[in-house]
Amino acid sequence: MNADLSYALQITLIGMCLVFGAIVLLWGIMAALVRFLTPPTPALPEADEVPKAITEIELKQRAAAAAVSYALSHQRQQEAHLFPLPPTAFVSAWQAVMRSTQLRQRGPR
Amino acid sequence: MNADLSYALQITLIGMCLVFGAIVLLWGIMAALVRFLTPPTPALPEADEVPKAITEIELKQRAAAAAVSYALSHQRQQEAHLFPLPPTAFVSAWQAVMRSTQLRQRGPR
Amino acid sequence: MNADLSYALQITLIGMCLVFGAIVLLWGIMAALVRFLTPPTPALPEADEVPKAITEIELKQRAAAAAVSYALSHQRQQEAHLFPLPPTAFVSAWQAVMRSTQLRQRGPR
Amino acid sequence: MNTQELVIELSKGISNLTIGHIIMLAVGGILIYLAVAKEYEPVLLLPIGFGCILANIPLTGMTEGQGLFAVLHSAGIGNELFPLLIFIGVGAMIDFSPLLSQPRMALLGAAGQFGIFATLILATVLGFPLNEAASIGVIGAIDGPTSIFVATKLAPNLLAPIAVAAYSYMSLIPIIQPPLMRLLTTREERRIRMVYAPTPISRRVLIAFPIIVTLIVGILVPDATPLISMLMLGNLLRDSGVVERLSKAAQNEIINIATLFLGLTIGSTMSAGSFLNVETVAILLLGLFAFVLDTVAGLIFGKILCVVSGRTINPLLGAAGISAFPMAGRLVARMALDEDFDNMVLMHAMGANTAGQLGSVMAGGVLLALVTGLLG
Amino acid sequence: MNTQELVIELSKGISNLTIGHIIMLAVGGILIYLAVAKEYEPVLLLPIGFGCILANIPLTGMTEGQGLFAVLHSAGIGNELFPLLIFIGVGAMIDFSPLLSQPRMALLGAAGQFGIFATLILATVLGFPLNEAASIGVIGAIDGPTSIFVATKLAPNLLAPIAVAAYSYMSLIPIIQPPLMRLLTTREERRIRMVYAPTPISRRVLIAFPIIVTLIVGILVPDATPLISMLMLGNLLRDSGVVERLSKAAQNEIINIATLFLGLTIGSTMSAGSFLNVETVAILLLGLFAFVLDTVAGLIFGKILCVVSGRTINPLLGAAGISAFPMAGRLVARMALDEDFDNMVLMHAMGANTAGQLGSVMAGGVLLALVTGLLG
Amino acid sequence: MNTQELVIELSKGISNLTIGHIIMLAVGGILIYLAVAKEYEPVLLLPIGFGCILANIPLTGMTEGQGLFAVLHSAGIGNELFPLLIFIGVGAMIDFSPLLSQPRMALLGAAGQFGIFATLILATVLGFPLNEAASIGVIGAIDGPTSIFVATKLAPNLLAPIAVAAYSYMSLIPIIQPPLMRLLTTREERRIRMVYAPTPISRRVLIAFPIIVTLIVGILVPDATPLISMLMLGNLLRDSGVVERLSKAAQNEIINIATLFLGLTIGSTMSAGSFLNVETVAILLLGLFAFVLDTVAGLIFGKILCVVSGRTINPLLGAAGISAFPMAGRLVARMALDEDFDNMVLMHAMGANTAGQLGSVMAGGVLLALVTGLLG
């Protein structure tokens, strides 16, 4: 086994240990950051049962909603808009007219 | 006649030939590109007479339309918009109201 | 008194004189610019009394209006819009519908 | 000037064209084709391909002296300016809240770096000296700026094939990863659903995070500081919320210009003379090996975590830990959806993916430190 | 420091002001006036005028050592970076479809380069050495970046008057061309209508075009490669449709910043010492001659084509073949409309105009190759 | 590599960390805190703070050789490029019409420069050599680019503390000025209302103004030309109305990128070794002294003008003449409103504030001329 290969093996061993070590450290830091820097929430639903009442289905729904909103936000980011436009303006003006027509039609004449 | 002038005349002769040559080559390339890279169109109006039916007037109209659209697109480009806005949103909202009014007025009450 | 301090005092004396001199010159230039480069206005209200009729209150109102508009324009600038959008488009389309409804309501049915 | 001289002068372009040039022109054309027709990372592959074409037209002088590519190279590649500017922009586009709200996802960002080291070993076995082997291994970081940064420091002579491999394979992620995912995970594993009950992340945490990471990584792995700090600077510009102007500049002007110039200049290093040789082929193959191994290691680690956690972690997430942000994360989410149209793991995948981004930079820095320490 | 020294120190600005400076300050003022009041190419004339003013204020140190203009000059003029960046932006703004759908229009882009060579001959007769005469001739390319590129290579000492002539006359196109058009064409000729039945141009053609042109021109005329390739790169960014970010960057950030810096720096080379001499006057006159001759040659060639084609080609189009994109094209279309409010030749004129742009770059490259070949 | 060497190599970051580094890391953190939590000039304090942190992480190599900050320093600080680019952007954001319509407000821009000279004297007394004393004094210009420009020319070794003082105190204006205003003016004085009947300013005046100012200042104070001319160039781009593209580029791309790079690079000069010493403390204190004295001199001059004008000028305006555009102007307007919710002096304050901006640049140039003349 030549010297370089021996070095390479050493580097691999030490390197992977360091990467895992650094990542675990990062995990710890993140957990600490979130714990100590998150401002105490108003703590409204002090009733301990409520969190348990969240069924698995609800959790999945929440995950789905978050995923969709994240995906959408990310997609929007990719389009690299240079500034955010108020979304309402983009309701086409023609649509507005149709809405207005519907508005008038409410109730009998 | 000094050497430089002799050179200049040579350069002119060779240069103009080369420029014309290059341009003719470019012509050929462009023609070839358009011929070989244009995907075969659905070939719907196989009836050979239709193209001939396009009168000179129609050709002129087409030229006018293309010119206007080109000029407009170019003008827009010059304004250096940073991203294209959906045109409908720019139908002023007030205009939308007027349209809506017209919509209502259609037909007798 | 060491040499540097003596120099510093000289620099202060000369420097402040020069700064004041330059500023006074600037004043003169600005006054001259405004006088000589302002195109003669249509001179409509030739009646000399009108300017005097502007009461102090009106002047204050004018100052207030200018200040507000300046502040607003500055604020807008800070947001670093990349190009000006036609303001009407940003009248929300929904607002347009409401306007349209109001339009219809004018006069008795 | 007689006629003969004239003909020689005017045909110098054609007469200097070698078969090598023609092959590289074709390679440039293929890169552009992949960019345009397949939309594989076009913002990088298109400039790289165009730069490659220009580098292989004879006698343009663009890569020498005061030529455009020589100027751009010394302005932004030799000193690593362009990769660092790109990282400012990337940082300003990354949202770390999916990771911060599920910190354990960070673990998945470590295993996905194994390919770096395994490739280093293999390249050493194949006879590459240590500095070159390490540079080749860092293709396995699956992160363009990191690869370029490390290669410029350790083996600038191999920059062209390494950068090309890094970016090309990154763009081929949707082709490389799915078969491996299917091979290494069972259908049941891919269908594992995950609970999503994230801790809400306050603005204070989002602002402190990039600063703390810069400090810790900077002090522990000084060689990784330039990369990690610019990534975190961009993220701080974004999350601080008080420097909108700078955040926009980072996400637009700075990253766009740096990307265009970087791509062109990397492409311009692909001249037939230095690129067309057995070494390049070996590097390209080793790079592919690194990519595969990263994914495999990530997936196996994912399976381990799955078992350890009592099947509450979907092992597919391991494949998102390789970096290749944000493609790998999205791909994993899509794979899970394919198996079960109701299985939403995007937030977990993005957490693992951002962890992989951090892990890649740290692995690159560790490698740089170890190799520099050994050689220096 | 006694009073006398002080007065000398404080009045050094005024005491070093020469009559030459004052003349050049006035020249700078006139350029700004043309830019602002007449709107002749303001994005270039305004910075050039302002740079000219600054270069002729004594003792500012801005053009020496680490002064701003010295820095900008070595950053982007000496190495031709700024003209090339501008060309990326110009390319991203050019639409080649009018030319591609009527390829015969390309011919008109060749004749409009005759002024380059005729001016070269005249300048040689007037005693300019060959390299300087060629640089002066290239004003007749009627294209700023090409003029600057060639002049920087062949006769950097003449850069200021050449660049100023190129951009000033380009901005005076609406004044220079119409009298010549009226003089050389009859009313009937100007009223000739043209059929517009263009081949539809597919996206594939639009994408292949810039790559093919780069390859062919690059191999045939290596000296023109930097210019033509950057023009085509910009066009590829635009037409590929997959790198919107880069295309926007080219059309905005890159071209705007490069234009501002280029203008300022070109203006700053107009110092009284090097600009105010007979040579400059000769160059300005020769440049005007080149512009006139380009237009005349273009129109005559247009008349020939008109006859050859059986009066289906409007000879005015010849005047659009000189480059000066896109002003010349628009001007021709307006002239045709003036004679007959129903005569739409804009698409043909833009085809000829883009061909002129390509012809100018190729002519510049050919000239560079021939002169470099001759001089050794 | 044995275990011992390995441990040394891997712990080199920590083992080289000194108490000085830790102090400076905290300083960097404080600057970021001020930027983010207090929003004091965040576009500058945040990059400065981040640069400071990076400069005090050991062994990153970012400030040496081809490191990022070394590259940015030689690209834009050593040659004063970044401050000048920032001034183009600032000029494009300044509206001089409030000043032009009330030219007498210009006077207030002169008194607010007294702190520069008084601080110069004090620094000389404290033993600083003349060039350093003048650089410290120019903190009293209360204008970042001017301070950096002068300090780079006269005492580049003191650049870091001077720039940090200039920008930090500028961001502390809302804390430094109000107590002085209340101390030096009576309630009645602060309530003085001012007539607002401005001359309408034509576009011609707005366009001529920057050109004339460049000419006059340039010829009278050549050393101030780079600064004043770039400010005026930006203003001309804006007010000419014909180069919208360039004006937008100046107000966005150019100033944003230059600001980010300037801030980072200035911050990176705050290394513990060169920053943590008695001199820095003295400079920071002298800078504060300069700020206070500027405001005091401005207010006293305001009171004199108030008396001379028959109480038609509100003495608060004197505090707006110090530069610190546009914060000082807004602050004065707010103070007047606080005393009397109907007292609108914003337009007058902005006039005085823009005059202060011009006065600061001229004072910087005068100082540079006098010191260079004396030393050279």
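Note that the chains are named A, B, C, D, E and F in the order they appear, and that numbering of residues resets to 1 at the start of each chain.
We adopt the following convention: a residue touches a chain if its C-beta (ideal position, glycine included) is under 8 Å from a C-beta of that chain, and two chains touch if they have at least 3 such contacts.
Just so we're clear, the structure is a prediction, and the values are computed from it rather than from any experiment.
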Of all other chains, the one whose Cα centre sits farthest from subunit C: D
Comparison of D-F and B-E (more C-beta pairs in contact): B-E
Of all other chains, the one whose Cα centre sits farthest from subunit F: B
Distance from the mean Cα position of subunit E to that of subunit A, given in whole angstrom: 51
Centroid spacing, where centroids are CA-atom means, of subunit C and subunit E in whole angstrom: 40
Distance from subunit F to subunit C - Cα centre to Cα centre, in angstrom: 23
Rounded Å distance between subunit A and subunit B, as computed from the means of their C-alpha atoms: 45
For subunit D, residues that touch 2 or more chains besides their own: 1, 6, 10, 220-221, 245, 248, 252-253, 370, 374
Residues of subunit A whose C-beta touches two or more other chains: 7, 14, 18, 80, 82-83, 89, 92-93, 96-97, 100, 104
Residue ranges of subunit F in contact with subunit E within the complex: 78-81, 84, 207, 211, 214-215, 218-223, 225-226, 229-230, 233, 236-237, 240-243, 245-246, 248-250, 253-254, 369-370, 373-374
Of subunit A, residues touching subunit D in the complex: 2, 4-5, 7-9, 11-12, 14-16, 18-20, 22-27, 29-31, 33-34, 37-39, 41, 54, 56, 59-60, 62-64, 66-67, 70-71, 74, 77, 80, 82-83
Complex interface listing, subunit F residues touching subunit D: 1, 5-6, 9-10, 12-14, 17, 25, 29, 32, 35-36, 39, 42-43, 46-47, 50, 53-54, 57-62, 66-68, 71, 252-253, 256-257, 259-260, 264
Subunit C-touching residues of subunit F, taken from the complex the two chains share: 93, 95, 98-101, 103-104, 106-107, 109-110, 113-114, 116-118, 120-121, 124-125, 129-130, 133-134, 193-202, 204-205, 208-209, 212-213, 216-217, 220-221, 248, 251-252, 326, 333, 342, 344-347, 350, 355, 358-359, 362-363, 366-367, 370-371, 374
